[in-house]
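After this come two complexes, each holding subunit A, first together with subunit B and then together with subunit C.
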Partner chain A sequence: MLVQPFVRIDNVTKRFGRFTALDRISLDIAEGEFLTIVGPSGSGKSTLIRLLVGIDDVTEGTISLNGSRIDTVPANKRPTCMVFQSLALFPHMSVGKNIEFPLKLKKVTPADRRARALELLRLLRLPEDYYGKMIGQLSGGERQRVALARALAFDPEIIVFDEPLSALDYRLRKTLEKELKDLHGRTGKTFVYITHSLEEAMVMSDRIAIMRRGRFEQIASAEEIYSRPVSRFVASFMGEVNLFDLAVDGAGQPVWQGAGVTAAPGALTLAPGWQGALMVRPELVRFLAPGQSADFTVQGQMAAEYALGSRIQYSVQTEGGMVITVERPFEARHHGAPGAPVALGWDRDAVHPIAGTGEGGGDGKA
Partner chain B sequence: MERLEHRLGFLTGLPIIVLLLISFIMPLFVVAGFAIMPQRVFELAHLPDFSSFAVIWEQGYYKSLLRSLGLAFLTTAILFVVCWPLAYGMAKVFGRFTLVITLAVVLILFVSENIRLFGWTLSLMKGGLIEGHLRAWTGLSFESPLYDWPVIVFGMAYVYFPFMLFPLAQGISLVPDDARLAASDLGASPARILFEIEMPLAAPGIMVGSLLTFVLSAGAVAEAKLLGGRSVVVLTDDVESAFTFGQNWPLGSALSLMLIVIVAVLAMVPISRINLDAIMGRKR
Partner chain C sequence: MKPVSNTTRIALYLYGFLIIAVLYLPLVSVGFASVSKARYLTFPINRYTSEWMVQAVTSPNVHDLVLTSLKIAVSVTVLSMVIGFFGALAFARFQWKYRNLFQKLILLPIFFPQTVLGLALLIWFSALGIQPSWKTAVVAHLVWIAPITTLIIAIRAYGFDPALEEAARDMGASTLTILREVTLPLLMPGVISAGLFAFLLSWGNFPLSLFTTGVDSTLPKWLYARMVSGYTPQIPALGVLSVVGSALLMTIGFLVFRWTRRRA
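Entry: the complex of A and B
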């Protein structure tokens, strides 16, 4: 069955002068999906959404919505709407007038505009008497909601978010992330969100696209990206993961580089000649009591201990000179003084092999 | 601590306050005092006498007042329309080239206004630079545009151009680019963006520019004299005549006072509504 994708970004290239910001990018977005594009600054994620809403023009390739091209449609006639990083609220208008702005352009009657604006205020859990307030009187979180209400008032097919939460403090950000996900569920709109925080992406998204240097590195569900990153670059986005450089020799024997890891026979099933890294998440590494064993073991010295609240993080220096990060729940914390010898171990299920020696992987599997 | 800072503020401000009082406020009181003197007598002890104001009405001086205000208004409107695109370019588009324009406009100010206006007179007069060359080369001729009101408006627009341009450019630079992009994204046409986003957000600059040009044009003397050749009598001409040929100081003062009051009232309305801090780049 051939299903027409809702949004299709097909082989899109964007060049600014001689600089290629986006290099032959392709991506399909399903209707009602919450897709987050994650990447460091300069990876091209902002460029991509500016092409999507029509602020910039594509150099090559096409963008289509429901089968018809939109990349040639000017921004003010495109059924897309962007929530800017700066929010771009109109400071000379009241909250109500801001929300009504797109409705006024669509020639909705004043009474209907007002009704819709009040409805949106309720939807975003703002008191109705905010209708007459000026933007300058609102807090950061409230402005966020007004910007969202204004975007919803436009009733676009796709709402695009350009890191709108990045300026807020941590707790408010966490609250709004959940609200945004909740709002996505209630409105059924297609959300495309960009951020440089994979953590933020994981809270909200159905799918995550990781960008690097104008290309997609990996496009997958949060779970997939978390457990099976395709490259060191993606893995590095998840904070402190352990990567063990490894080559497999002609006889199928692993050659560890620097870590001093011992693998139980049969624990590694990699083809001879394989080269890359084994990723092991900090929370899957255990402290081994004397006599305990695991598929992979390594000896080391306790270097430091950090309390993260519900979890404790440990840095362990191995004999090979590598630092391994271990995380244990607060209840299962390890009691060891700095400098004390420790044995670490993990099982074969905890291991995810990432092929390749460079930072990035191959092309993204769209 | 705060009280001390307030006192220090007052003390450091004192010299300029005194200077302003002596050089700006006092003359206004002197003018007001003359305006209520009986006509053609000079005595300091007298009852307030408003006969000068009656003369303004009876002898039709209010017509030149209206003419002055009308020309000033027209000049302001024309300058706004002419300067907006250039100011927009200076604030948002030209980048480094803005400096070139700024220098070009500022350098013109180095030449005295009267000399520049004489230059225009020589250029525009019959047999002058433009018409003379045209006739010598092609044999065609045209009547000189001098000595009529449009050329006065042209002269004032020319002289007060920088006073509109720079505040306007400053005002436009206050408009966030994102606001314009967001309005477009929400479906606004360029015209809607201009009227509903850019002009309201640039309002402080528009106000300052318009006030400067309006106030200066309403009190302008040289343009009407040099380009208009006294064929169009504006209020400032009347004031000058009253003080010089007429030797009627109370009438001259009354005319001045009237212009000052009307312009001040017209200026108060926008001033009370704009945030000067915003245009000075300070946080609200």
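Entry: the complex of A and C
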């Protein structure tokens, strides 16, 4: 590659005693990118960002910024800044003193510090008289903004976020997600964000890296991850998804496991001997009226209906014993009593094949 | 809070009154003894006098005693605050191999009978060839008081988010800066209350001082000696003055404590 990546995490391993938290991880991050690392707890995402900012040391491998190694640079000399899950605002200092803290360490004059702090308060839409308030007097969302202002005051090359929104209520979280994305656009800084909520990741990120057991499962755009997950783990990580186990026999004929799906000739283009699952998103499954057809069809019984607000979710029990999740917009809701027979169908475009029988990428291939 | 019924209220008043009476009646009688003209306290008091109080305040001997007690108490306070601060970090803040053992061992001196501890220290000092004086008493007091200040500060250190120090480091602070700007100010309320305890415990300590002050004498030691041989009402007078002094110090300490709290 001719273009040198902004951040390069190269073959990094982190062990705690005999436990391997990160297993030969490599990742390039572009300048100004909003990268989100998503994974369940214990997947290694927190470990990775702690290595990135230098709170912990790498066991093996290197991390470089603009071509020079930073993994050997101590945390207080590294141009990275973390917004902690607890926010780590200093409770014994005012809002202004918190924001000025990194500037004071950089020996900026008091007048300049104050000016910069007020400027950042404005940038984060906090009233200027918050300068003198104590941290304890602020609400959760306001604290969030102060933590962000403090990180921006430090003016790092990379700002790293350790699930800072996880403690907030749903509505506030949604607002702040959008604000954060907006702020990313305005500051042009490189953001590395970790969360266990793929939904949160999708709203904000340029790219999403999905982690599992100390490895990256998939690194791609939100759209790519949503529609073309590489493994069952990724597919199921972001919520409701239908997975149909399938094998293709030597003659190229599909052998469905349990679901009782009928595929139209030519709808499936998988090689003989292929084994894995077909993923179909709930919103791409539709109810078929008598006489209507689709590339894939399955018969079943309406089991339950859940109102999600703008959408309605249905559970349909197939003859093969599988439960298929269907989502329709509220306007296109299906009127069927529980127990009533229904026909479901979807088209070939809606199908995404995931090879392998294990949960994660590579697990099943071995 | 829940409104209380009449019976509960009467019970509460009665309980409160009893507690206060049991705690303060002895002090009050000492107070009376110090202002009674009679050599031995009798009720009702026939003639009041301030003679004993004046004697207590003006006696050069008492000045020496107060000075020795103060020297010891102030030294113990300062040293035990410093020791307690770092001890608390080791106790509560850092994960290290022998932390569990440390946490248990540090508590032992508190439960050790003080007279035995004082005697043990005296034997130890003479084995080392150290002449006992008010300085050895400082060491003896520290053996007992430093674990207490460690505990008091550790309680505060337990409620301390380690991310605060990590964040400070992340933003470029050196270890010394973190200590000065983050750790110390946040633990300050604990350090101040620990210091207050240390002063009062040292000021009033008798069993450790008895063995380890050598030729120097502290106020409690002298009071005891005078009570055993040669009681005068100067003793209760001194006792009262000592209590008033302690109460004043507590009040000042409390005000300082509240002041740091407001800043925290």
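A few notes on this one:
In the analysis below, the second predicted complex is superposed on the first by the 361 of 366 C-alpha atoms of A that agree within 3 Å, B and C clash if a C-alpha of one lies under 4 Å from a C-alpha of the other, contacts with A are read in each partner's own complex, and residues count from 1 in each chain.
Methods note: a contact is a pair of C-beta atoms (placed from the backbone, for glycine too) under 8 Å apart; a residue touches a chain by one contact, two chains touch by 3 or more.
Every value quoted in this text rests on a predicted model; they were computed, and no experiment measured them.
Aligning the two structures on subunit A places subunit B and subunit C in a clash. Of the two partner chains placed by superposition, A:Arg125 touches none, neither subunit B nor subunit C. Touch criterion met: A:Ser86 reaches subunit B and subunit C at once.
Contacts of A:Lys178 after superposition on the shared chain: neither subunit B nor subunit C is touched. In the superposed model, A:Arg69 lies in contact with neither subunit B nor subunit C.
With both structures placed on the common chain, the touch criterion links A:Lys77 to subunit B and to subunit C. Across the two superposed structures, the residue set of subunit A contacted by subunit B and also by subunit C is 53-55, 75-78, 80-82, 84-86, 88, 90-92, 101-102, 105-106, 150, 154. Subunit A contributes residues 53-55, 75-78, 80-82, 84-92, 101-102, 105-106, 136, 150, 154 to its touches with subunit B in the complex. Against subunit A, in their complex, subunit B makes its touches with residues 176, 178-179, 181-189, 192, 196-197, 200-201, 203, 284.
Against subunit A, the residues of subunit C that register as touching in their complex are 161, 163-164, 166-174, 177, 181-182, 185-186, 263-264.
Listed in rising order, the residues of subunit A touching subunit C in the complex are 53-55, 75-78, 80-82, 84-86, 88, 90-92, 101-102, 105-106, 150, 154.
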